[in-house]
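One chain, subunit A, links the two complexes that follow: it is found with subunit B in the first and with subunit C in the second.
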Partner chain A sequence: MSATAVAPRLHGIRHRRLTVLVVLLGALAVTVVLSITIGSKSVPVSDAWHALTAPTGTENDLVIRSLRVPRTVLGVLAGLALGVSGALMQGHTRNPLADPGLLGVTQGAAFAMVASIILLGVDSLLVYIWFGLAGALVASVAVFALGMVGGRGGPTPVTLALAGTAVSAFLAALTSAVVLLDEQAMDVFRFWQAGSISARGADVVWQVLPFILAGLVLAMINAPGLNALSLGEDVARSLGQNIALTRTIGVAAVTLLSGAAVAACGSLAFVGLIVPHLARPLSGTDHRWLLPYSGLIGAALLLFADVIGRVVAPPGELEVGVVLALIGAPFFVFLVRRRKPVRL
Partner chain B sequence: MRLQASGVKLGYGDRLIVDGLDLGIEAGTVTTIIGPNGCGKSTLLRALGRLLKPQGGEVLLDGKRIDKTPTREVAKVLGMLPQAPTAPEGLTVADLVARGRHPHQTWYRQWSSDDEGAVAAALDMTGLADLAERPLDELSGGQRQRAWISMALAQGTDLLLLDEPTTFLDLAHQVEVLELVRHLHQEAGRTVVMVLHDLNLAARYADRLVAMRAGKVISSGTPHEVLTEGLLREVFELDAKVIADPVAGTPLVIPIAPLSARG
Partner chain C sequence: MTTLTTRSLRVGRMSWQIRLRSVTVALTGLVLLALLMVLSMRIGDIDMSLAEVVAGTFDVNSPAHFVIMELRLPRALTGALVGAALALSGAIIQSIARNPLASPEILGVTTGASVAVVAGVVASGSVNSGVSGLLATLGIPALALLGGLLGAAVVYGLAWRRGLDGYRLVLVGIGVAAVFTNVKFWLLTIGDVNDTGRAMVWISGSLNGRGWEHVTPTALALAVLVPVTLLGTRSLDALRFGDDTVTALGVRMNLARALMILAAVLLAAVATASAGPIAFVALAAPQIALRLARSGQPPLLCSAVIGAVLTTGADLIARTAFSPIELPVGIVTAVLGAPYLIHLIWRSRK
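And now, the complex of A and B:
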């Protein structure tokens, strides 16, 4: 076959990938509509449209604008963040069972929040979230620094995983000790640990938005380098890739994305574990496609689970973290048994 | 000289494997490094490919210190395939070869018609166009190795370093890969440096042989100059007879016994 005959095939591969991207965007749009209209009080799509474009202060307008929209936007942001950071984490560690929590962000956020309550008497959600975010960032920097000890040219996947496990275990022990001492901290911790996107409001969205946007930009910058790195460090370097820089950008992106999502919505790191496995059969191994696919699937999955949680146990609601675990875990087991997760 | 090592000291940590070695690679030649296991030939190749920083001495690429040149600039001139590289499962041949374009891409400009042309030409030259959409792990060992070489070709460098490109391949596939190397050299004028274990194939496919032992170059020159019975005794501790290859006329080694077997 001549070179001219290969080119249309290469074009075909790109077209297929773009088509999948459009389909995933469509799926996300559908879940967004579901999330805005379905709940303890269901709102017809026409009323929802009315509330978004020309609100007149009706009850539906209030429900939509002050509750459903912030909840939906936060769900989309957190799902994007967790899906993308899960794919980054699995790519960097070459471990199909890695999740963003591996960097210690979940335990870091949890400890900083309960510590702020008991030591500083913080009692507002917006302030906890700042502490959670700071805790996630500090924990992940600590893991990164520990992972570098003894290694040449940046941390390796193995030292990162070991450092992350050690730091997480240490912080979890501290958190347990703190919440046993303080009832108010215990309440906040229990609620946060279940994982939820409800009752957060628009100010939380604005609070985490810059971190998640910055993380998404870093993730996309990281994608080509991660592609090179997935061929092994020697091949990556002979393709002109700076290994230490690629790892550092990757860890920074995971920290910003998962730190912001976890601080705002609690421990939902499970999303980061399963979503890349759903995205990979569609995207193949190219991170320039795997990362956006994982983000879109993560967002759609999180919103979908949240909608299920709203209708499954009326008049109450099930936390999205609980729904995700209930439907996600059996599904993941099924997935693993049917199609073994690929070696990375 | 395309590549020149002068007085290089190479090792990992405190352990020095190569202590003060000189070697020059001329443009447009195929040079093959031979030597017993652990003699430092892969280490030397890694240093020539900038994967290992010398602890002393220097490596010059086109007259410039290779360790002072940005990685990406080196990657536009010099391609290197390590021994037995691994790819993530499910990676297709086309995707692998496309990754060879990495040094020519920036994060805001990911794919150009140059890239596409280079990938198509590399697939074509290695005879893999029909397998472009197949996952790498479904291919035979020889096809897989051709795919990796195809990636290095798409990188568009005229200097290629190959570390044991024929490892784990049966004889037919070894010859297939080496014929490809010869083709690259003869048709496309590429300069190739490789490490090989099979002395007879090394003699047949190389312009120059470099024989190493214990981190030193013992002999270098044409296969006829290097592959002598005396050298085999000195470098491989092997008692052997060298005759002319009835097909190619290059030296053919007939092993007799390791020297240690003689009382």
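And now, the complex of A and C:
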């Protein structure tokens, strides 16, 4: 094909990709508005605008500013983080079963939290989250180190995936043992495990924000390298890629993103598992587009599920993790059945 | 080198390749299993000498008879059989999915069983103060079996679309497993914390109080399904090459695969009904076997033997390490199996 024929086609692809990006941003904006206005007390959009721009301390202002906004921001951050880290994880392990929890972050966070409860008597959410974050980081570094030992140029996909599964299973077993022996830890653990972004407050948002921002930057830096790696390590090496560096950046990004999200919101790694499969038919296998698409779909899906969870079982709420599984998973199965899956 | 390390076995029109290394691994595993079984007979609330164990086994009038024949032997046998069944199931699924992370969870068996049991425990707990005798002895295994088979039927039904694609099966399996797992989490949050505790013990996998009524069904399932899976080994080996190649090789792919999946589902469902979803055995045992036997795919019999060794050893630790508190065996299988698998991964990369 001559160069003149290729140029318009490339242009068309880029145009289509930008359109999809705008559509996804629009979908996220709609879910943000829904998330701010809908809840056990519904607030008209005009009142919500009033609360955000010129609060005067009315009841609606308080609901919006102290509850809805932090909850929405946390949902967006966690959804972005899980979507992007899921796509990174599947790219690096080249395994459609890989979720961000594969590096051990979910089980690392869970174990550190229940251990802090029974060993140190911790009983405040902010402190649990610090422990969860620390546990996630330590577990992830351990998995990466194990996956890397003896490997040439960084961990191979299979060893990384297996090491992650093994460490996760080990930590999950310890967590089960702890919660079976201590009823208070069990009580905290079962609610954390179900996954939720409610009742977290602005403090939690500020707590995880730096980690997620840093993770997003690293992820985008990682995208071109990951594209080269997905051609196979030998091809990537011959293209001049530093494989160990690319893998390390990728794992660091996954750790920061999913560690922060999971510590703050509980076990929602499922978002990271399905979202890349939803994004891949739209983006193709180019990670420079797959990562942002996954992030946006993750955020919109998480917020939407949270809104549903608020209204579906009045006067109570259903945890977002449960709603996600009940809505997201059947939708995912439907998509998988309808079209031929885009393979990794 | 393969000519030196393999022998072929021919029976009538059928022939198998026997890899000597796999045989060595399986035999070593069986010896280890026998040793662990003897230890399981000897150690417990009352420690016994070997002579007492032998007397208790064969002499009806021996004081140890009840402890050996009604408590320790059926429990140890349940552990070994359940471990073997789970590992075999995992080996089949990993071969079909061509994915080392696949396990019966992907087929909806263990997660389906967990949801059914947690729902049963939470529902009965909120009606009366405890799990009634009937639900504990008959109800829970029956619920688990039903839930496991239903879960598998859902996954298989959704993944079937003018034939079965291994990749689609895995993706559908993830989705369905996620639904079941999160429903389980949710059920755990709505129940009373005591019921939750009881349900947690079951979903961690436990051999506590398992008797002959658990040994018999698992043994029967293995007796029927092990020959079936061994006959299917050849088509399983072929499946590894991808769907197109397999069709070209003349294997009736969908039939062979459906039969093997059915066998895997039944093995996992029966095992889960007896002892709960014991973690990690189905995933780790085939991977350990593959590395010990240095074969390309999880060797079926080796996996089964290693699954049995892992579970029996884990239960011995689970009931003695923190005596009188007893841990669910599923916790110990992960604590034992995970470091060993990591060690093997580490060694094989050198």
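Note that in this section the second predicted complex is superposed on the first by the 340 of 344 C-alpha atoms of A that agree within 3 Å, B and C clash if a C-alpha of one lies under 4 Å from a C-alpha of the other, contacts with A are read in each partner's own complex, and residues count from 1 in each chain.
Convention: contacts are C-beta pairs under 8 Å (C-beta built on N, C-alpha and C of every residue); 3 or more make two chains touch, one makes a residue touch a chain.
This is a predicted model, so every value here is computed, not measured.
*Asks:* Once the shared chain is lined up, is A:Ala313 touching subunit B (first), subunit C (second), both, or neither of them?
*Replies:* A:Ala313 sits against neither subunit B nor subunit C.
*Asks:* Which partner does A:Val217 contact after superposing on A: first (subunit B), second (subunit C), both, neither?
*Replies:* neither
*Asks:* Per the contact definition in the header, classify A:Thr285: touching subunit B only (first), subunit C only (second), both, or neither.
*Replies:* Touch partner of A:Thr285: subunit B, not subunit C.
*Asks:* Figure out whether A:Val167 sits in contact with subunit B (first) or subunit C (second), or with both, or with neither.
*Replies:* second
*Asks:* Would you sort A:Ala329 into first (subunit B), second (subunit C), both or neither based on which partner it touches?
*Replies:* Only subunit C is touched by A:Ala329; subunit B is not.
*Asks:* As a test of reading the superposition: which chain, subunit B or subunit C, is in touch with more residues of subunit A?
*Replies:* Of subunit B and subunit C, C contacts more residues of subunit A.
*Asks:* Using the superposition on chain A described above, determine whether A:His277 touches subunit B (first), subunit C (second), both, or neither.
*Replies:* second
*Asks:* Who does A:Asn242 touch here: subunit B (first), subunit C (second), both, or neither?
*Replies:* first
*Asks:* Using the superposition on chain A as set up above, list the residues of subunit A that contact both subunit B and subunit C.
*Replies:* Overlap of subunit B and subunit C footprints on subunit A: residues 343.
*Asks:* Can you check the complex and tell me which residues of subunit B touch subunit A?
*Replies:* Contacts found on subunit B: 46, 49-51, 71-76, 78-82, 85-92, 94-96, 98-100, 102-103, 105, 107, 110-111, 116-117, 119-121, 123-124, 129-130, 132-133, 155.
*Asks:* So in the complex, the part of subunit A that touches subunit B is made up of which residues?
*Replies:* 1-7, 9-10, 13-14, 94, 220-221, 224, 227-228, 230-232, 234-235, 237-242, 280, 284-286, 288, 342-344
*Asks:* Over in the complex, which subunit A residues touch subunit C? Could you list them?
*Replies:* It is residues 95-98, 146-147, 149-151, 158-159, 161-163, 165-167, 169-170, 172-174, 176-177, 179-181, 183, 186-187, 190-191, 193-195, 267, 270, 273-274, 277, 318-319, 321-322, 324-326, 328-330, 332-333, 336-337, 341, 343 of subunit A that touch subunit C.
*Asks:* Touching subunit A in the complex: which residues of subunit C?
*Replies:* By the definition above, subunit C touches subunit A via 99-102, 106, 158-159, 161, 167-168, 170-172, 174-176, 178-179, 181-183, 185-186, 188-189, 193, 196-197, 200-201, 204, 279-280, 283-284, 287, 325, 327-328, 330-335, 337-339, 341-342, 345-346, 349-350.
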